[in-house]
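Shared between the two complexes below is subunit A, which has subunit B as its partner in the first and subunit C in the second.
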Partner chain A sequence: MTAAEILSTIQAKYPGLQEIPKVLGQARGDELYLSVSAAELHALCQFVRFDPGLSFDYLSFVTSVDWKTHFEVVYYLVSTLHKHKLVLKVKVEDRTNPEVPTISTVWPTADWQEREIYDMMGIKFKGHYNLRRILLPDDWEGFPLRKDYAPKPDRYD
Partner chain B sequence: MGILLDKGPIYIEKIPGGTILMSTADTFINWARKSSIWPLTFGLACCAIEMMATYASKHDLDRFGIIPRPTPRQADLMIIAGTVTKKMAPRIELLYHQMPEPRFVISMGSCSNSGGPYYDAYSVCKGVDKVIPVDVYVPGCPPRPEALISAVLALQKKIEGYSMLAAAKKKAEPAAT
Partner chain C sequence: MANETTVPTVAPEVFPQVAPEKGMFISLGPQHPSTHGVLRVAITTDGEIVTSAQPDLGYLHRATEKLAEKRTYPQIIVLTDRLDYLAAMTNNWSFCLAVEKMMAVAIPERADYLRIIVGELQRIASHCVFLGTYGIDIGAFTPFLVAFGRERERILDLFEEICGARLTYNYIRIGGVMADAPEGWEAKVRKFVKEMWGHLKEYDTLLTYNPIFMDRTQNIGKMSQEMAIAWGITGPNLRATGFKADVRKDDPYGLYSKISFDIPVGKQGDCWDRYWVRIQEMRESLKIIDQALDQMQPGDTMGKIAKTFRVPVGEGYAHLEAPRGDLGFYIVSDGTPSPYRMHIRPPSFVNLQILQVLLKGWKVSDVIAILGSIDIVLGEVDR
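Our next item is the complex of A and B:
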């Protein structure tokens, strides 16, 4: 499917979804970028995973970006069956208690990646069965990949 | 390598059917100790690759009597080969304390010397000497196998200078006062 066909298929079910247009000169592929709200993320993921025409059976990666004013969680989906790609972006406005529903129930590979995002940026994934730190020590304070993170010197510094 | 080639108070007398060799206990013990430095098998980052190359046949640390041991209970030497993260530092401390005395530490590479390229990172210990005492520092990123061999030779030289009597005296002194 082309990007336009994927967009029309998804918009038939979710009419409110908006495409993020490519800015001239932006280093980015030709795949479709969609802006999704946290509330409808899980249902949309369920739809694009199991819809026979879309069949995004592979979650390439989950990552997060700190834009200082807000966070953004990015999902990169690939269909190994139809050889097409899709990018979902979820904007998280609340910096003090950022929360996004987990999609590890749709793609189990999201499990550890969501844990890493929680570890590094402190975004909570609602419904994740084992959301605790994965790389840093369990008693670490703060989330080091946030732009406003101030490291606290300890006995190893 | 041989005891005869090493400097030390050695007395040799030829007798019919053989040789009498006399030396001090320190010379003999230090010779034995420095000729069988058994390091703990563990590497932390890319320096470990150079360390493995040094163990392997081309550079062959075995000729110095260096055989990696899989348990700290049998190890004399700890080669800190790689980045010491704050998560790893307490584990290194534990392994160090599990080693029997006398124990030695070689800090291999910029990372374990001072944090190196990760000095500004939030998660890296600024030098393994914040956690355990270090005998020999090897500069480099990573150091070549020759540099590690030179560190081993420096450590052997350090071991040669040890005196059991002086160490016993030093241990007894604070108890006497």
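Our next item is the complex of A and C:
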């Protein structure tokens, strides 16, 4: 499917969903970018995963970006059957208690990737069965990939 | 939203379970020689049968993604060398692909062929390490001396000649490659490729069809196709389940579309299939190197790119088929000399997750056979 066909298939079910348009002069791939609200995310993921025409069965990666005013969680989906791609972006406004529903129940591969985002940026994934730090020690203070993270001086500083 | 109950879901057995309280607890690692680095697996067993396994990682964490935010783009190539240290060439390449995609620069044809040659040589070298260390895991020491100590050394000699380094190359640069191949290098590669065909036959007699090795690996650690895709498994581990997927074919980069090669696939996704697919991949790599050497013409090896450059505002994702699977770099740029955010999609980290469900139900003696067959590099798992 082309990007326009994917968009119309999704919009037939979710009329409110908007494409993120490409800004002239900015670098971006030719994938379809969609902006999703955290409330709608889980249902939309179920739909794009199991709809036979879309069949996004492979979640390539999940990551997050700290934009100082808000967080953005990025999901990169690929269909191994149709070879088309889709990027979902979820904006998280609340910086003190950021929360997004987990999608590890749709794609188990999100399990550790969501744990890594929690570890590095402190975004909580609601419904994740085992949400704890993965790379850093359990008693680490703060979330290092946040832009306002101030490292604690150690004996090398 | 339609009725939720009509929506199909993933089969429940693919989800892991947090460790049960009953049973014997075994801590495998972090300094266990068979974990190929520093990985700890917390295993609970009922008699000899594994009931749960929880990998514990982070011992090698070096905060690569955070470091990248303070460095310029060419400086980051050096950091990528240290991710999967057995396949530094493909790491360099993947990062450069992402930056080149954002900047929309053209690569000279010769540089693209040189990338293919070193990338495929790197795949052979990496699979040689797998072959050697997997043999040791199972109890065969000779393949290590042959594959790791002989063939891989020759590839490292070739790399040393082209870029001066044996492990962390920094050879593939944004816009091309660091330097052209020295005089006589292509002939040496051709000689190596010719001799490697014979060595591969030797591996088959040493390990592949060795009855003891086959007993230890066949029908062990089976992974279904559905399970592999749901867990995001890529590379030889996915192909061992019989699923034809390769970034070089599905989403071609560089000049792979001009080269003909097969994608070897396994039958049932057990440990032996995962091993066998890698051996076949070495054969395909040899074919690719031969064709690339035939097609390569003299010319420039570096595109027209300024010494100091800025990447346009925006974002980009590029990925390639590294020896361990789908390696990608997601870069967000704000127009400054360093990236605003860089995310690495590491194949080893994603592949390792499946250990939580894959080990369940197998005997303790099979744990090492299964862990070794997934072929992880901890430098990439922890980043």
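Keep in mind that, in the parts below, the second predicted complex is superposed on the first by the 153 of 157 C-alpha atoms of A that agree within 3 Å, B and C clash if a C-alpha of one lies under 4 Å from a C-alpha of the other, contacts with A are read in each partner's own complex, and residues count from 1 in each chain.
The definition used in the following text is that a residue touches a chain if its C-beta (ideal position, glycine included) is under 8 Å from a C-beta of that chain, and two chains touch if they have at least 3 such contacts.
What you see is a predicted model; the values in this text were computed from it and never measured.
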Which of subunit B and subunit C A:68 touches, first, second, both or neither: neither
Partner chain(s) touched by A:132 [first = subunit B, second = subunit C, both, neither]: neither
Winner by number of subunit A residues touched, once subunit B and subunit C are compared: C
First (subunit B), second (subunit C), both or neither touched by A:28: second
Which superposed partner A:155 touches (first subunit B, second subunit C, both, neither): first
Subunit B versus subunit C as contact partner of A:113, first or second or both or neither: second
Which superposed partner A:57 touches (first subunit B, second subunit C, both, neither): second
Doubly contacted subunit A residues - partners subunit C and subunit B: 135-137, 144
Subunit A-touching residues of subunit B, taken from the complex the two chains share: 86-87, 89, 122-123, 125-126, 130-131
Subunit B partner contacts - residues on subunit A that touch it in the complex: 135-137, 144, 149, 151, 154-157
Touching residues on subunit A, where the partner in the complex is subunit C: 23, 25-29, 43, 46-47, 50, 57-61, 63, 65-66, 74, 76, 80, 83, 105-109, 111-113, 120, 129-130, 134-137, 144-145
Subunit A contact footprint on subunit C (complex, rising order): 1, 7-10, 14-16, 18, 57-58, 61, 63, 65-66, 101-104, 229-232, 243, 245, 250-251, 311-317, 319, 326, 328, 330, 332-333, 340-341, 343, 345, 349-350, 352-353, 356, 382-383
